[in-house]
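Chain IDs A, B and C follow the sequence of writing; residue 1 opens each chain.
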Amino acid sequence: MTKLNFFKPHAGLSIGEIARITGAVPRAGARLDHRVTDIAPLDRAGPSDLAFLDSAKHLTAMSRTRAGACFTMAEFEDKAPSGLNVLRTPQPFRAFVLVASTLYPDALRPSSLFDSKGVAPGTHVHASAKIENGVTIDPGAVIGPRAGIGTGTVIGATAVIGPDVQIGRRCSVGPGASIIHAFIGDSVIIHPGCRIGQDGFRYQPSPKGHIKVPQIGRVIIQDNVEIGAGTTIDRGGIGDTVIGEGTKIDNLVQIGHNCSIGRHCIIVSQCGISGSVVLGDYVVLAGQVGLADHITIGQGAMIAAQSGVISDVPAGAKYFGYPAAPRGEFLRSVATLRKLSARSGKGKK
Amino acid sequence: MTKLNFFKPHAGLSIGEIARITGAVPRAGARLDHRVTDIAPLDRAGPSDLAFLDSAKHLTAMSRTRAGACFTMAEFEDKAPSGLNVLRTPQPFRAFVLVASTLYPDALRPSSLFDSKGVAPGTHVHASAKIENGVTIDPGAVIGPRAGIGTGTVIGATAVIGPDVQIGRRCSVGPGASIIHAFIGDSVIIHPGCRIGQDGFRYQPSPKGHIKVPQIGRVIIQDNVEIGAGTTIDRGGIGDTVIGEGTKIDNLVQIGHNCSIGRHCIIVSQCGISGSVVLGDYVVLAGQVGLADHITIGQGAMIAAQSGVISDVPAGAKYFGYPAAPRGEFLRSVATLRKLSARSGKGKK
Amino acid sequence: MTKLNFFKPHAGLSIGEIARITGAVPRAGARLDHRVTDIAPLDRAGPSDLAFLDSAKHLTAMSRTRAGACFTMAEFEDKAPSGLNVLRTPQPFRAFVLVASTLYPDALRPSSLFDSKGVAPGTHVHASAKIENGVTIDPGAVIGPRAGIGTGTVIGATAVIGPDVQIGRRCSVGPGASIIHAFIGDSVIIHPGCRIGQDGFRYQPSPKGHIKVPQIGRVIIQDNVEIGAGTTIDRGGIGDTVIGEGTKIDNLVQIGHNCSIGRHCIIVSQCGISGSVVLGDYVVLAGQVGLADHITIGQGAMIAAQSGVISDVPAGAKYFGYPAAPRGEFLRSVATLRKLSARSGKGKK
């Protein structure tokens, strides 16, 4: 769809191939040899674009679309215009993502920004670093003594990898990121400007000023984690700060020392997680949430945007507000206050 | 005023020249040939400094000032001490800014931090990059393949410009910033450590963990935009993330994928704008505001600091609190709660 | 305790030496010649680790510990198992920090990430910069014209120091940080990715768009300040932005132009301090606090996490919520609202 694109164009896929890849069923009359080379929303798609519909909200867009093909559920199939190549599937967005990933393999993991292969000129790799074959290092990157980097990993331009840091295979470290005092698993994506492994924030008060408490722990990042741009993760004080497998962290998040973040959590932008917090698996923190130190958020709990949590949250709970409370309690508070102040507003007239 | 200054000293302007530049009218008896070389607040200004007064709050400071000249409105002119060179104007601060910009032309746009001219040694410019004449690139900067940079633009030390990125003329990119998958207009200022164009935050849930949704869009930044230090702007998922002409964004702001930000908006520090949000022109978001995804903020609306907005805001409205509500409603809520809890506090005695 | 450690192992200290260093008193029967080489929490400590106990909460952990020695207060001494080498002290954590600092001297201040001594190859130091003997500069760092750096200071990889910036002695500047328009005292720690000295956020509205107000001030950072990763501190507009001696600032904090931050303040992660704010000495801002511009926070005041402060706070006060109010008032509001909405919830049944 997009004219000036940052990704290489794909030769395209036929409707038949897409059906095979996704398991979607072409509607009777679909031209199985029609090819699409790109993806687009229904309202902007053209004949060489694939689109999807998974909500009645966009039925009008589907009725007018010029898309070359469209995934949708059985219930919407009959609403599609007769000329549209419809692919029936119970999960249109999932199928769409699968095709998008096939058309744009480079979009699944950031690659060299300099078309580099291997270690580019203009990098600063310490003689004692252990760089496996198949590692790409962009210009200006600095790799410290004894650091190890696994095959398939791309280290972005001007990224800094500290002494003894170990990074697994098929990782991507964005430009300008810094990683110290850390072990990173496989297939981890670290976006530009991430700050991993610096000192946690702890002082001992004293009459002469705050005394710095040495921070001697590490950051452990497990496989398949993704960490957003500008996010900061401090190393442990004595123990470690751990980010569990498959967890996805957005931009400008702060994670304090000694936190233990579970597997497959979602942590949205600008959340602040104080020191020694424990998150179970599959926890979701919406944007700008703040968590007080030393609390535990149970498995699968969801915390609404901007909430401030000051005590433990049970597994599966949904919390809102400050101090954060269960959803029902929060909604009742909001409604009560609204009612009372509407009344008081009237009283004034 | 300042002794150790980071800007080059100016030869100075006479009161007469300042009157000509700004249209301000010198008070009878002002010495038109008196020269000022610097600007300062009334209470710290000396004979070679220009000051301004636009509020009765600072009349005492004016009565004692040693400033070489002072802009003020007609209503305050008579309050000025007789020895002061007064310049009368209906908008003293505007006149002051105009003179400040004349005395400090270098302060209007960050320049080379290395006194570089052209491409400094120690840069990494890909052979296929298109660098116009008159571009300055500081040491350690990395310019990717096929990137284009317009004349008059300064690329800061260790900044990273990705493949195919196009940057207009007279722009400034701060040290350590990274720009990928983006087109940047003319006269854009990007402050240090900005992160532009990385992947948006979107996953498809699955029993085996979150599946990354390819992010194939771009960031489009129009002319005269200014973007603060450490701010992150993600590229579009399918479409583009757009920042409209003249919009000013402060430090550590997060702008999610597919957002469409209007022209001449003001977005204060640490705001978080979720994906696919639409801002009309002249919207003001005060500090630490959070906007939920897929909402629209109408033209000229103002959102108070720390508010959390979860649904559309009409044009021109002023919203406060969480969930954000119109100003009057919010103030009534605060007052009602204060009254009720004061009463309940009394009841306890 | 930790197997793969990022710090050099220490030869260790005997119980007798530890008693001498800290003034703690060994319990009768303690083996004064037993050596510890590391620190650990009670539950994970082994025979060569030192631990501490300062709360009854962890008595069970002490009863089972395998630690080589443990600091505790007189009141807990008798609860320690007979084989444990107990060191009695009124302030166990303070003693523990003192020993930790002795065992891990490198943890008190970040050092070269490249095992560099002096100016490493691959740095870009302007010919007119004044670098004292005993300065360490890591690869990729850029030092601008006329900048001065004092002995014992370490400039991290790819850090950028602008023209005329002066940095004192024994400082540490983390990788990727940028410092412009600033004077930095002695023993200052600046963590990775800090952004110091860029333009403040000020515009003059006009029908043709916002007019940039020149920012010609500076940032002054006094001795013994520590500034977290990704934090942004803007330079003054006309005057200076000042950070007082011994103040500690966490990650991703925003400090606006012309702020005057007192001595020995604690500013936790993601706080946003608007322009021209004055903080007295020993102020504590918990995480994600927002302060409106031109307000004063009195000496020793404490602001709770996520609070939004819109007017002056008296010295010593504790403020909560938005708009921030004294602690008692805030707690009453929360309790009142909870009671009223519980009642209204019942009414609905």
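Of note:
Everything below uses one rule, namely that a contact is a pair of C-beta atoms (placed from the backbone, for glycine too) under 8 Å apart; a residue touches a chain by one contact, two chains touch by 3 or more.
Everything quoted here is computed from the prediction, not taken from an experiment.
Superposition angle, subunit A onto subunit B, using Cα atoms only: 120 degrees, a multiple of 5 between 0 and 180.
At the interface between subunit A and subunit C, under half of the residue numbers appear on both sides, which makes the contact a different-residue one.
Averaged C-alpha coordinates put the centre of subunit A at 28 Å from the centre of subunit C. The residues of subunit C that reach two or more other chains are 140, 158, 176, 193, 230, 252, 270, 288, 306, 337, 340, listed in rising order. Interface residues of subunit B, counted against subunit C in their complex, comprise 1-2, 4-7, 39-41, 44, 93-94, 97, 100-101, 104, 107-108, 110, 113-115, 120-122, 138-140, 156-158, 174-176, 189, 191-193, 224, 226, 228-230, 245-246, 248, 250-252, 263-264, 266, 268-270, 287-288, 305-306, 321, 334, 337-338, 340-342, 344-345. Listing the residues of subunit C that touch subunit B in their complex gives 124, 126, 140, 142, 144-145, 158, 160, 162-164, 176-178, 180-181, 183, 193, 195, 198-199, 201, 203-204, 206, 209-218, 230, 232, 234, 238-240, 252, 254, 256, 270, 272, 274, 288, 290, 292, 306, 308, 310, 322-323, 329, 332-333, 335-337, 339-340.
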